[in-house]
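Following: one structure in structure tokens, then a few remarks.
Here the chain labels run A, B, C, D, E, F, G and H in written order, and each chain numbers its own residues starting at 1.
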Amino acid sequence: MTEEIIVAGFGGQGVLLAGKMLAVAAMRQGKHVSHIPSYGAEMRGGTANCSVVISDEEIASPTIEHPSVLIVLNEPSLKKFEKTMAPGGLLLVNTTLIKAKAEREDIKVVYQDFTDFAREAGSDKSANMAALGCLIKEKNFICSLEALINALDEAVSQRNRRFNTIN
Amino acid sequence: MTEEIIVAGFGGQGVLLAGKMLAVAAMRQGKHVSHIPSYGAEMRGGTANCSVVISDEEIASPTIEHPSVLIVLNEPSLKKFEKTMAPGGLLLVNTTLIKAKAEREDIKVVYQDFTDFAREAGSDKSANMAALGCLIKEKNFICSLEALINALDEAVSQRNRRFNTIN
Amino acid sequence: MSKMTYAFPQSLSETRTHYCAGCGHGIVHKLIAQVLDELNIREKTLLVAPVGCSVLAYKYLNVDGLEAAHGRAPAVATGLKRVQKDKIVLSYQGDGDLLAIGAGETIHAANRGEDITVIFLNNAIYGMTGGQMAPTTMEGQKTLTSPQGRDIADVGSAMRACELIDTLEAPYYIERCSVHDVKNVNRTKNAIKRAIKYQVEGRGYSFVEILSMCPTNWGLDPVKSAKWIEEDMVPYYPLKKFRDKGEEA
Amino acid sequence: MSKMTYAFPQSLSETRTHYCAGCGHGIVHKLIAQVLDELNIREKTLLVAPVGCSVLAYKYLNVDGLEAAHGRAPAVATGLKRVQKDKIVLSYQGDGDLLAIGAGETIHAANRGEDITVIFLNNAIYGMTGGQMAPTTMEGQKTLTSPQGRDIADVGSAMRACELIDTLEAPYYIERCSVHDVKNVNRTKNAIKRAIKYQVEGRGYSFVEILSMCPTNWGLDPVKSAKWIEEDMVPYYPLKKFRDKGEEA
Amino acid sequence: MAAKGEPLINSERCKGCGLCIANCPKNILEMSKEFNSDGVTFPTLNDEETCTACTFCATMCPENAIQIRRF
Amino acid sequence: MAAKGEPLINSERCKGCGLCIANCPKNILEMSKEFNSDGVTFPTLNDEETCTACTFCATMCPENAIQIRRF
Amino acid sequence: MEEKILMKGNDAMAEAAIIAGCSHYFGYPITPQNEVPAYFAKRLPQVGGTFLQAESELAAISMVMGASAGGARVMTSTSSPGMSLKQEGISYMAGAKLPCVIANIMRGGPGLGGIAGSQADYFQATRGGGNGDYQTIVLAPGNVQELADLTILAFDLADKYRIPVIILGDGYLGQMSEPLVLPKPSGKTFEKPWAITGAKDRDPQFIASMRLTPENALEQLNLELQETYRVIRENEVITECYQCDDADTVLVAYGTAARIANKAVIKLREQGINAGLLRPKTLWPFPSEILRKITNDKKKVLTVEMSAGQMHEDVLLACDDKNKVDFYGRLGGALPKVDEIIERVKSYE
Amino acid sequence: MEEKILMKGNDAMAEAAIIAGCSHYFGYPITPQNEVPAYFAKRLPQVGGTFLQAESELAAISMVMGASAGGARVMTSTSSPGMSLKQEGISYMAGAKLPCVIANIMRGGPGLGGIAGSQADYFQATRGGGNGDYQTIVLAPGNVQELADLTILAFDLADKYRIPVIILGDGYLGQMSEPLVLPKPSGKTFEKPWAITGAKDRDPQFIASMRLTPENALEQLNLELQETYRVIRENEVITECYQCDDADTVLVAYGTAARIANKAVIKLREQGINAGLLRPKTLWPFPSEILRKITNDKKKVLTVEMSAGQMHEDVLLACDDKNKVDFYGRLGGALPKVDEIIERVKSYE
């Protein structure tokens, strides 16, 4: 089994970190994983996304053309990635900043107010964490909640400053 | 008919200028000509030489492997080039600085004290000019003495400073 | 009757910048646009943008623009000015660009007295690449490539561009300013205006250094960044006019 | 009993140089060799030779040597010294090398206070390539690429290396000398010796500039060349010690 | 004292840096509770009467998000 | 006055620049009439009695062609 | 099983270099390889090494030259425009027979271009973007583990042959995180009697690319270099084949493009189409002989690259029948698409 | 007959550039092309142009970029190590679609190497020694007259296609003097609406190689460049054949090597051996199609180069049957020998 997950949002919403946490958690549970941040056309103040592949088998390509899971934290990301999704995929939409609805009918869509959810939990930065919790509820193949929480500590300690900058 | 002439000596003896004068004089008399200074392995205070080709026909290659004429103004040049000469060629040796004798027997050798000759004429720099005079006496195919003298003026005016330096 | 002041300068494009919140580049762009408006030279201004966070500066100013390779802006500006002699050529550069990889070009354009204006944004760091040590990084300042803080015993002290250029004969105008508060923003604008005016008059090379905030890579919020300039940078980088041949005369 | 003075220095190889008659490079090589002998450090000296007439300097001095690309000698010396920390690293450079293409490397090695000694031969011209204008070419001096004489309105004034480097914090020792007469040759030797001694003591960066004859490209005979230095160059390039942190202490 | 003018704040251009707020001599700017469509908060005027139209806020704004209307 | 020493001139190393001659305080060096094998003229001592072994000539020589024997 | 850590390509390369005994790093920042200097800046002082941020790429490669001549294991890294600036220095080091490791984490060009990963510097790396007849060994890792492993090898090859070795990765590889087992040191050591360490108890020696005299000295140096290149060509080719044996179409790709090609092969096989993949891990020396043999009886060969077709020339040069060689590439930082590869291969049926 | 003057290659190139309307020259001294800046320094001020000696090759190519963007016809020249330093700038100009003429009067490498003429920068010129997928037009004159004539053409091609054009000569050609008839200006003019002249009565415009947004912008730029390259490949190949028709063996050579090969052909014919010579005058675009056709029915093809075999790869890529292609080259500034060529060709009999 293989999940191809894209997490997308504004720069600064922590999408890269979220992806990394997923990857670490899944790796700890014996999965093959890969993580690539977008750092291409994006710029300061622009959008950011990352591609996470989680699989039982060796991973052929870490790049994703047709995600089986898409988490979008802002509206441009929904517009950009929805159409690329694999049929039958799972789409998680952050309704705090996204008023639009998904158009595809061959996928499963979950709407959730991540930012609100996160702000209630004390930080407006961790909309991404809320999204992850929501994800593994839907797809428990990926990892356990416990593994995810452990990964959080690990990931945070590795992160110190943004690297994925332009030029 | 084609003559392939190498003039060789110390840097500063004016061998490049001498070659250029020959070429200009011959060109003025309707010949095809080419002139290449050595600037390769030579360095300040080292040796210098030039290759002059003079021909009735278009010149295939301006580089010379087997000179039909060799003018040597110092001993290292004799050692270096004598052996490359075409059989039947003409070798002019400056006896001021060259005590050694030529070894080849299949060429014509003329020994002349160019420096002495030139110094008598008022300059120890124009050993090269003496050599040219000597050459066209032997090979009047190349150009007339008059053409040579005209070329001198021309060549001198073009020369201002040494270009053929290393690096 | 109400009147708009501080209107949007004509020379500034409406394109939103990609700069981080509180970044000094935005302030300096605005000042340049105001000066071009006031001198009425937008249509004859040619901007050479560097490689650095301001790599897209030519998209934000309503003037013709040209890219330079990292560090080479003064040389590119030289070539351009020597063709477009009656135009106003600005070389806009960051500290990595101007003092690290471009130190040679910087000094030589200044030494020739090239008839260009160099606007030098000193934010004590490589902004674009995510916060590495710049030639202007302060002693002890932590960056990605000086994780223990700049160790002057190992890599030397922060370099001072104005002082270096002030040893050369040709430059016409050299000044260091800052954009950390209102008074200094206004002084900066005057310096830019004077520098560009000198070029309009064909007086030769002018150089304006501007201390500027990089909240993102300093790890400080914009207001604290402004304070850091005032308290830490200004004492090391004295804000003053180093040379003004126009005044001497 | 007779005694040989001015004997052939051990550190000088017997290979004949390729330098033109009266070239200052020969004098400076000799002085370096004498200093290495006197400090007894030949066996631990590493020479970085530049691209320029002195490109073969490592063949003339009996020490280990390394080539640098044109202008990069201080950077090469930096890499070498940071590996061979207990060795003495000399960067020998001409004016085109040090101030034109290598201006960036020169300033940055100095600014870091790299523990190396830079010996800078200023002959106001590109010798090796046959006499083009150098950054140090004097106003009005004719060269292949300034056939009407250096026009300072177009290309600026001659650059002064010591003055430039003297604006930086780190350098330990900076002096300008000349080899145009006996007194100055001896002063040059002392400066070289002091500079190298400081490196032996691990004090950091030292810089010795030496005005030197290039009879060939100046179009003057050696004796007139020496006079030209005295009368034309020295007034523009003051011979003095700019900095000596060893003395200050 | 009557207001001499007012800052017109383009909240969509604003990046929420707070430099305007910190530099207002009258201390009459504060951060909004709302977000603009980029998700950032922006300055609002909390005391319309006091503004002197000094332009300090606009002068500091890196985004050209403030213009001043003088009454 | 007796000579204090003498310059030993290696005529084969010499390039004939004349710096030694110009810098001899006693003016006792002059160019040879002969050539060395490179075709250059070299300095010779024209007054052996006057040399003070001051080493000036050697100091100026770019070619290390002069050494001084002190008596 | 050994412990796996999730590590970014750039970090993994830097850590592997330290494991390989790299004591000196000189570099200049540029995206997408900025993690490399940052990693060395933290780690090298901890292991007694030296990290120095150079004032430019030119200075960086020159410092590398100095450190290498001094006998150290030394590395630099950069991305495309920075690599262009290093060409003179690399040519000097090749001519002076100085070992070093240089990583180019490629981005889209030409010029400033963009920062997305690319493979458009293949010619520069394999044909020598600098002046003169020289070669550098060019390694092309395909994943983070291999990036680390080949980094260890890079230092050994550099010292063994006294040659600069280029690690040619792309921005995606540098930015990608994957589980990694830290590699072990190779254990090999190399004497460096040629190093510049002071002429004590031996004659002075010097290191230079220049040869002015005697007249044939420079040709001699070149012949020596060519001989070394011949030996390397014979001994150091590394390549990997995936399902080539029964394939009708063989894809040829390296680095990130090979990952994508690999996925295409899997999907093609799922659809009953026999495709295979040949993945060179050394781009110079290029596995020409292996490729020639493998492709001799195939119907089609398809080069897949993130460029306008650079390695493609080596594929054409290797294959006996050029007519069966096709090319699919994406430019300027764009990624090849699995779908497009599949479509192309199907068009051969 | 028009008046002939004996002129050095380097001088002839500079004078021809001035005839072509080159108003700006920026360069940095290096042997064996030092006559070029010296010539411009004297002549350009006389015709109202600008000569400026740059502080380095990097500055020189950057000044060229600025002047080109300003709309001038501009030139620089250098030799091998200096050309390596210009690679970043050339890549920028290619990406920014800026015309210019760059002469590389090659010398032996790698590194500092020597100063004798060489052809070892062929790959650098034709494959792009800088970063990214770009091409420059590369012209290869074989004698002084042609050097002057092709210089005129170089400026026209540069402006026509908005592309850097390289004149690839070798030190021998630059130093050689031959009788020359000064070329005439082509008379062609090219509008430059893209030039940076101030946004008066039009929208501001900018010149850049960078494309960051939208996501496919850089690929788009690259596709445009590739399309231009295709057009150039179709239209601008220039080559010369000498006695190829009835030849059994065709030599392929350019520049000074072609002069020597030409002499060998004459001597071979004297000995009754049917040899011919194909001499590309454009190295990029390379005359692949012509070469393929000409050599199809020949017994042997022999590339003659002053390198380890660089153009040789283009010959191999062009010929249908690689097995009949042989190589003879001399390295590091050495000249091929007529005798050795003859011997090699005879060995095919």
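The rule is simple: a contact is a pair of C-beta atoms (placed from the backbone, for glycine too) under 8 Å apart; a residue touches a chain by one contact, two chains touch by 3 or more.
These figures come from a predicted structure and were not determined experimentally.
J.: Where centres are the averaged C-alpha coordinates, which chain has the largest centre distance to chain H?
T.: Between chain H and the rest, the longest centre separation is with E.
J.: As a test of understanding: of all chains, whose mean C-alpha position lies farthest from that of chain B?
T.: Here the answer is chain E, farthest from chain B.
J.: Max contacts between which two chains?
T.: Counting C-beta pairs in contact per chain pair, the top pair is G-H.
J.: Round to the nearest whole Å and give the separation of the Cα centres of chain B and chain C.
T.: Between these chains, centre-to-centre, one finds 60 Å.
J.: Could you grab the centroid distance between chain A and chain H? Build each centroid from C-alpha atoms only and quote it in angstrom.
T.: Each chain reduced to its C-alpha mean, chain A and chain H end up 52 Å apart.
J.: So what's the Cα centroid distance for chain C and chain H, whole Å?
T.: Each chain reduced to its C-alpha mean, chain C and chain H end up 39 Å apart.
J.: Identify all positions of chain F at which a residue touches two or more other chains, and write them in rising order.
T.: 15
J.: Got the chain G residues that touch at least 2 other chains?
T.: Each of 30-31, 34, 38, 52, 55-56, 58, 81, 88, 92, 96, 111-112, 114-116, 208-210, 212, 217, 333 in chain G touches at least two other chains.
J.: Among the residues of chain C, pick out those that touch two or more other chains and give their numbers.
T.: In chain C, 19-20, 51, 55, 67, 69, 100-101, 103-104, 108, 128-130, 135, 144, 154-155 touch at least two other chains.
J.: Please give the residue numbers of chain E that touch chain C in the complex, ascending.
T.: 5, 13, 15-19, 22-23, 40, 53, 55-56, 58-64, 66-71
J.: Touching chain H in the complex: which residues of chain B?
T.: 20, 23-24, 27, 32-37, 39-41, 59-63, 65, 163-167
J.: Quick check on the complex: what are the chain B residues that touch chain F?
T.: For this pair, the touching residues of chain B are 10, 13, 45, 74, 97, 115.
J.: Considering only the defined contacts, which chain H positions touch chain D in the complex?
T.: By the definition above, chain H touches chain D via 28-31, 34, 37-38, 41-42, 45, 51-53, 55-57, 81, 111-112.
J.: Over in the complex, which chain G residues touch chain D? Could you list them?
T.: 23-24, 26, 50, 52, 54-56, 58-60, 62-72, 74, 88-89, 92, 96, 196-201, 204-210, 212
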